[in-house]
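Labels run A, B, C and D following the written order; every chain starts at residue 1.
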Amino acid sequence: MSTFEFPTAIGASDATSITLLGHDLASELLGQVGFAELAYWLVAMRRPTPGELRLFEAVLVALADHGLTPTVIAARMTLTGAPESLQGAVAAGLLGGGSRYLGVTEDCGRFLAETLAAHAAAGNALPADGDTDGWDALALAAVRVRRDAGGYVPGLGHPVHKDVDPRTPVMFGLAETEGVLGPHLRLFDAVGRVHEQVLGRRLPLNGAGVCGAVLADIGLPVDMLRGFALLARTAGLLGHLAEETRNPIGPALYDAVDRSAVYEPPPV
Amino acid sequence: MSTFEFPTAIGASDATSITLLGHDLASELLGQVGFAELAYWLVAMRRPTPGELRLFEAVLVALADHGLTPTVIAARMTLTGAPESLQGAVAAGLLGGGSRYLGVTEDCGRFLAETLAAHAAAGNALPADGDTDGWDALALAAVRVRRDAGGYVPGLGHPVHKDVDPRTPVMFGLAETEGVLGPHLRLFDAVGRVHEQVLGRRLPLNGAGVCGAVLADIGLPVDMLRGFALLARTAGLLGHLAEETRNPIGPALYDAVDRSAVYEPPPV
Amino acid sequence: MSTFEFPTAIGASDATSITLLGHDLASELLGQVGFAELAYWLVAMRRPTPGELRLFEAVLVALADHGLTPTVIAARMTLTGAPESLQGAVAAGLLGGGSRYLGVTEDCGRFLAETLAAHAAAGNALPADGDTDGWDALALAAVRVRRDAGGYVPGLGHPVHKDVDPRTPVMFGLAETEGVLGPHLRLFDAVGRVHEQVLGRRLPLNGAGVCGAVLADIGLPVDMLRGFALLARTAGLLGHLAEETRNPIGPALYDAVDRSAVYEPPPV
Amino acid sequence: MSTFEFPTAIGASDATSITLLGHDLASELLGQVGFAELAYWLVAMRRPTPGELRLFEAVLVALADHGLTPTVIAARMTLTGAPESLQGAVAAGLLGGGSRYLGVTEDCGRFLAETLAAHAAAGNALPADGDTDGWDALALAAVRVRRDAGGYVPGLGHPVHKDVDPRTPVMFGLAETEGVLGPHLRLFDAVGRVHEQVLGRRLPLNGAGVCGAVLADIGLPVDMLRGFALLARTAGLLGHLAEETRNPIGPALYDAVDRSAVYEPPPV
């Protein structure tokens, strides 16, 4: 393996120092960089602006918890069986972060980014910020294409928040305040206005979707958006696993499921 | 399952609102609470003070990355095989966060907390803050007990930082500055002074250990300390997986290992 | 939850008996049903014939191990970090069983099954067993469609076995001997004869692909084919993890990677 | 990395052949070795005798499924959230295979093996096969030591099978028939006769425990016993995940838990 080299830009260390992202960890980062800021930096390979950071923290807070979801149930059940392995319970919880739940953030960011990229690739300029008609036309075309291809339009609808997802207007407001409201959010906003013309019913812009639009607008790579949902969810899982340790519901949940099982033997 | 109830203090939602930790997510938390602050709150069930939060963020930054470690290798190898499942790669990376690596933070926090608890349970008051002799005596007894029981003293020594782990003095300094330097750190400091008398050689107080002492001093439950190491590591893993996506080393690493494999067939 | 019922046909138990797949575990299954037979039965919901079972066992043996692969490296690295959690190391090893490696078996089975289904849905009868021209025409059309859609044809090519994958002819021979050589294998065989006309070069039918064709021919659902690759791989991982316990290479592998890391700090 | 070598006795391959455990995979193993036989061989590094193999298969069948357990719930919940990642659902299911559930098999095998080893280390010969009094004395001493140390005696008691676990007598009978009833089973049998004298109540020898005793008697390393429980469970999980795909209960289970959640907000 003498000729192999594994390049990395993340970090390195020697006997007296640790370097992270080109900075001395001890003297330049500890106490001077926040954790969310570091998480952004590790992926984007640049520090966020203060406005980007505020939105990034808001997204992580928005995505941290959604109650006793399937991923939380999986994590708590895993801790019930293997209480000695907290890492196993966290990992089990993250593994449910796939296409149906945590995937919406990434799907929405990608849908918006691909729409913008295709528009630019066709030689078009983006609409001006206040050109509502221009954004609506772009959104309408994108929703139609997606619908005609048999795909779903990500970021629309929520099983509980039927009219308005309370996170959505707040995230738009924060982005406006911080000056980071960019083309992904503008396009997403327009999707909210026009989708009824194509889909035949009005659905709210959901929180997972707006978080995907925000993450794209603050400069994070679309391929990694699910990763930030996983990071946020890790904090939520720790909260649930700490609660499970203090006040377990796992055994009662197992008992409840077991009592509700109905055995329907197969034809022998 | 009619009689089952699953109590939780984390969160709830209805058609128009989302509640997290007793607060309205949209109007009271988004943009107003940082992500690390929320992670602390979810586990401790109270908000950190500004000093506690600064130390908490510093610990998460300190534990986020340590280069191409076994957990990073596992995560990158997993992404190589299943690039469509970012959650699987993150989970694989976290699963190596067990006793040998990420366990030191928890082991050290627990060792210090148990020593303090046993001291208090025996009816003794803690030494005064500046009573170096008192702390040294307490540390010396604890190190002896651990050594005589055949156990290791967690938080001592580092494979690379043979003399001083550069994170350690900075963390002590930050704790002092922020007024959160408490009994766990004082005891850990004393362990650093006295262990040579018992172990026969001088070892540095390592960064994982000082992080465990800090987390205990800022009021986090010892059972969950490994969880914060996992949270920190999740950010580091995202950095490595983003880099693996941009500039993959996985195939070359596999190739290097494969070429270095030497087949020694068993007796047939 | 009073009105919920969770139906299952797998198993049930009461104070004096355990039922599995409609049979009494103790008196009807233990010592009378093999493990692979049970695994087949659990998924197919029927017992395999002796011929089906022989092929099924052969597939599991064929897929159990491929040396120091990325999934084995991930599992060994995870055991290095968390030796107390064998389940974590096995889980980490399975998580790399995604689209690039273990996915080929499923992709190939699905490609063949979909081709056969589309042929039948268009009202066509399958070629007779010995109608080589008929099978070739069907294969040629399917390869063309796949190629024109920009997709890859699964089951072709191998990084090491450039001419012939030694597993492939043996699996065809076993299927012939046991009388279970069905339409998926016949179509796969034809793909091997005709793909060069479309792709412009001759590639071997690989072992992962032939295993997918076999599993489909012996009546297993295409959606679960990856699952059998995971089951086979679990046995292989146990072999590697037992070896890692007896004769660890994890620390040396970590050391080798760490020494080969080249730090290229990002622009600050 | 030029000087590194990673020795392995599992397998190797070159352009024309694949070697596994010192045999040519294609010509010597496919169709000639069963899957369970291979799994045994991979860990023990020798082929089992026919009697050992029959018991090994019986253990795997006995441990494959236990209904809607926490690990099955975790796996089904994970598939609900990430249906595209079967490997994630299997991994999540295995991660609950820790100390409380799958650990009993390993704990019991280890308890028996350590008792026998300590007896031999003290220079004592084992009792003759039919020397019931001798085995009872050995068991009684071991149970007393475990009890006095505050530990639990593994392999005793079952939440559902209060009097007799139906698997236990069948496994003893199979071991007798096949001539592999060895010291671990004899000692376990004696534990069943004498524990009431120490523990004050009569408990059944459970199925997980007897499986641990069998695995030890047929020559498998105690450190890997949990691994066979994981292998067995993988087959059970595939059965449940196939059923979840055909007839999902995940969404109803989530709904049931969600409806039964009672929010008890923390003090603000």
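In the analysis below, contacts are C-beta pairs under 8 Å (C-beta built on N, C-alpha and C of every residue); 3 or more make two chains touch, one makes a residue touch a chain.
Fair warning: this is a prediction, and the values are worked out from it, not measured in the lab.
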Most remote chain, CA-based centroid, reference being chain D: A
For chain C paired with chain D, centre-to-centre distance based on mean C-alpha positions, whole Å: 24
Averaged-CA centre spacing for the pair chain D and chain A, given as whole angstrom: 39
Centroid spacing, where centroids are CA-atom means, of chain B and chain D in whole angstrom: 32
Overlap residues in chain D, where contacts from two or more other chains coincide: 1, 4, 6-9, 11-12, 67-68, 82, 84-85, 87-88, 91-92, 95-98, 102, 253, 256-257, 260-261
Chain contact topology (line, ring, star, complete or other): complete
Chain B residues within the chain C interface of the complex: 1-2, 4, 67-71, 73-75, 77-78, 80-85, 88-89, 91-92, 95-102, 250, 253-254, 256-258, 260-261
Complex interface listing, chain B residues touching chain D: 1, 4-9, 11-12, 19, 21-23, 45-46, 82, 84-85, 87-88, 91, 95, 256-257, 260-268
Residues of chain C that touch chain D when the two form their complex: 1, 4, 6-18, 20, 24-27, 29-31, 33-36, 38-39, 42-43, 54, 57-58, 60-62, 64-68, 85-88, 90-92, 94-98, 102, 160-164, 166-167, 169-171, 174, 221, 223-224, 226-228, 230-232, 234-236, 238-243, 245, 247, 249, 252-253, 255-257, 259-260
